[in-house]
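Below are the structure tokens for one structure; questions will follow.
When the chains are written out, they are named A, B, C and D in that same order, and each has its own residue count from 1.
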């Protein structure tokens, strides 16, 4: 067998017609890449909800591109785009109930939009004016942006344990990537979830890359298969098929509500853009791999089907686009208008009450 | 001290039903040091439970439980076994209040049987305080006797911020002389456990008793040393430290941790910053050496002894 | 499904006739609990080697009990016994080649004996005169005793990566327990092993307990099944069946030599004694669970078969017992006779050359 | 500095075929900061390879590789991402020489892009030195310029003991003025980068340049400050520290890490121990505050500024 020593990377993308990390077990699908139906499209959503899915995806993509522009213009610090992952994030987030709690990574802006997180507050993180979760995590049931990969998975499991202890009919969901799944924290959290039968959904967006490292060099196995070792189900779903993602997540949430415990979902998707605005993918992957992946675009696929079903038409889509442009413009202006935080805020949330020595440091900074 | 800690957990769980106790072997068996003995029977397996051997996972779970409104008391089985949890502690436990603009509190207590002196195995005699004291956002306490152990643990559990409780294993078998209460104890305040005017010995944990023995020995030479039990290692009681140096003019710091960047370095720096003009001799640090904690056969050579402490006091006084 | 909250422990041992953690997937067996043959007994060992297996087991058990006595007499610090695990340790260690390297936990004295580690040097660890590996790890190809659970697994994987880089036909083996498998380090090391196709054997002694926590509360899954998630084979073997353990390990070693990569072996065994001399199992498990487990004793089982096969008889066994008593007595005396290490040894191995400040501390201790 | 580090790795790999370089993204892409650029092409995927996101696993693998006779240079992608590896570093990397009675060496180099000042994201601006300096068995170095970066990294890789290399991100883009060599550099020795007699500023990493700016500013007031680049944070160059204090009588320590138990505490304690009688003013520490590293918009308020450094020097001189 080939080892990563033997240029694991050169196994690259040159031959595959679909992304290499999609090989192996066939993912669950409802819509084929060209929008044709290959599964049961009745996922329990009515026309309005189906339209909402698409509109969220269109808004998310438009905003994502705007953020990249904002970064280029010096208005944001390093920004991690998610183009290509809209279905994975929005399909899963839409399947959550109002009381369910999300523990995201740094790339879940699309999921945040679905949860009603104020994008301007969210983006103040990338503006460099606040760390963590500038928005109200309790009100939005959306945890702080988490950068140390996989650490948030344990938070989601602990939160779910707390829900179980309170006998609350709700669950938590942890988002994480293919690379994050290599961290010890993924394992410890997943095993804990199994032991405590915690109502949690472990949602892995396998987008093929951990910065420059392809999933094929990240693990020799298939991520969803790890679930069995922890004693709960794992499913592999086409992460670019929003209906398949929605159903898989809804089923996992239902299991959690029913007291049947955790589910691991591996959503196969593709990171179309750079890891972040600081990254140059040309150093490690071919454009044509990306072009090929674009043929699996989640938005085109779903729009094709919705149109065929007569749920949307060009007029509606154009109307949306106009609305979305205004929405994004408003966000853009509000982000830029954000004042920098007061310097003392650096001291004000370290402890409930600042110890004397910290008070002295605070006065020093304020020149008081 | 074990009984006092057990009582503190019991009373805290009784007074606040959101308090949970978990960690390795804390449930059915009552903990390898018996600190959690009887708690699972008293409060049930939903509030007192064993975790798999996953320190990082357990601390991470405590963070999630805090989001859900629970107050976790997590036991790390031994000093060195808290290291796998450092990432969760430094990145989240210590920072989450700020990361959520004060909206999400981390009322988490992490209990760590610490320090040496019990002829323990490798990794069972470490003094991890520096890792925690240097980490902004944490509070760190270490009791030297059963009464303080009860009080500090009650305060730690009640505190809205995360508190690391370093329990001196070597004092686990000490019996309480006074009744258990948290009256008269504050996180952030040290206390003078023996008055004296020739010099002040600043210490904590198991080294308090040893420093008192040294002070007693020095009485013989008609030399009266003051002994301060810092009790809280972060935030340090700078006012008390400065006051004692102003009053005694000489200082010795005693701890088990290796000297380099052990707490003695910070105490010394604060003395210099706050009481330089009163300092009549260099501050002496009587500490563990800059080596890994040694095997049982050598630990008595490593740990500060009554002799080393007394000699340091004589030295600063004679300076 | 039951969660650990719902008194995971009370699921205890009261009903099971075989240890509860043996339930689920049937382990591979050669000899049944009563010594009758249920598999192919030709594991490639001749009569002398088969006898050697038994003799090692007898010596190991006798020495283990002596160590517990030594601790009670104050001659050793806390000692972790391994009674009941002789087949798991000796069957696996016997399957290794001379160049293969062992990364043990703190409980592998039986494996150490097979590897030719001097028991007196080994026991100076438990005597409290040295930390780590008082013996020569390079000469014995037996790594230092490792207490922080699961950390040694990554060492074994790194060592195996080194072997692969040197194109050496050898492998490493990491011993670890059921509880250790819950650590992040188990996961990171196993995943690395898969990615680099490292020639390593991950040998889990599932003895049912992690101090007071039963395997059933340690994980909701079956440990050997985790291997699939890492892309290599996992096997579950009866750890009290020395022939089955030998074969499984030999096969895993052969795979490693052949460049086929890692294997995870879960050996089902039982910790008959306390976790260590500091532990009181009466606090968490019933004696009769232990009595029942003793019916699966690995030594009795193998001796029965060897006797039936005519490879050993009572005369030989008596002769061995006498030799072993002498051997153990000699070890006992040598252990007690060990001088304490010189004080300066605390300083002498921290760095290749001691920095000035450390030299000063050394002089202080020596009163020089 | 990136080019100098790259050259050091290149030359070390060329001179010793047992040297391996691995970590996240160091292979094909050449590292997020390009420090390992071109190395995989030059030395192949067997000696320069990417690891999964497993810091603890990667460091643990380096330990095993050391048993097999390999010298690993492991990159941790950013300061805070070295925390998951702390257990392996503290328990094994730092202690293995002793644990094997000197029979097994750990010639492991752990490179950590460190400190702040680049408007980085959360967990990308931390100063982890205290965690490593306090850990006996490790050596810790931090270069302030490209030439030192080359020399210190070469020495670290050649060292028989584990060395933590804290690379100041804020200086990554600094260009080398002199040719790259490890001549005239020793692990364990600091250096006077600017002479002066009014006071000594002890610092390291990115704060060296800033302290030099402060010293230049002070020249205006006819006040000549000496600046010492410690270069090695463990073991500290106590002789140099004491000599400078004996010669200048006044000292300021500058670093980005939070003040409490930052390296400044140890430098202060050693000054007090070794040069008390020459100390004419309290040692001032100009450091980061005791708070989590702040967001980009605030970091300039957190980091020692030329003004703060200059003010501290004026203060100790005027004392």
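The criterion applied here is as follows: a contact is a pair of C-beta atoms (placed from the backbone, for glycine too) under 8 Å apart; a residue touches a chain by one contact, two chains touch by 3 or more.
What you see is a predicted model, and the numbers here were worked out from it, not measured in a lab.
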{"item": "Touching chain B and also chain C, the following chains", "value": "A, D"}
{"item": "Farthest chain relative to chain D (centres taken as mean CA coordinates)", "value": "C"}
{"item": "Centre-of-Cα separation between chain C and chain A, whole angstrom", "value": "42"}
{"item": "Rounded Å distance, chain A centre to chain B centre (Cα mean)", "value": "41"}
{"item": "Centroid distance [mean C-alpha coordinates] between chain D and chain A, Å", "value": "36"}
{"item": "Residue list for chain B, restricted to those that touch at least two other chains", "value": "46, 52, 54, 56-57, 80, 83-84, 87, 91, 95, 98-99, 122-123, 136-137, 236, 260, 289-292"}
{"item": "Chain C: positions in contact with at least two other chains", "value": "4-5, 8, 130-132, 148, 161, 165, 182-185, 188, 191, 195, 217-219, 350, 357-358"}
{"item": "Chain contact topology (line, ring, star, complete or other)", "value": "complete"}
{"item": "Chain D contact footprint on chain A (complex, rising order)", "value": "4-10, 77-78, 106, 127-132, 145, 147-150, 179-180, 182-185, 210-213, 217-219, 278-279, 283-284, 340-341, 343, 345-347, 350, 357-358, 361, 365"}
{"item": "Chain A contact footprint on chain D (complex, rising order)", "value": "24-25, 27-30, 32, 45-46, 49-50, 52-54, 56-57, 80-81, 83-84, 119-124, 259-260, 289-292, 294-298, 301-302"}
{"item": "Residues of chain B defined as touching chain D within the complex", "value": "56, 80, 83-84, 86-87, 90-91, 94-95, 98-99, 122-123, 130-131, 133-134, 136-137, 234, 236, 257-258, 260-266, 268-269, 272-273, 276, 281-285, 289-292"}
{"item": "In the complex, chain C residues that touch chain D", "value": "101, 103, 130-134, 136-138, 143-144, 148, 151, 153-163, 165-166, 172, 184-185, 188-189, 191-192, 195, 348-352, 355-358"}
{"item": "Footprint of chain A on chain C - complex, ascending", "value": "1-5, 8, 161, 164-165, 182-188, 191, 194-198, 217-223, 225-232, 259-261"}
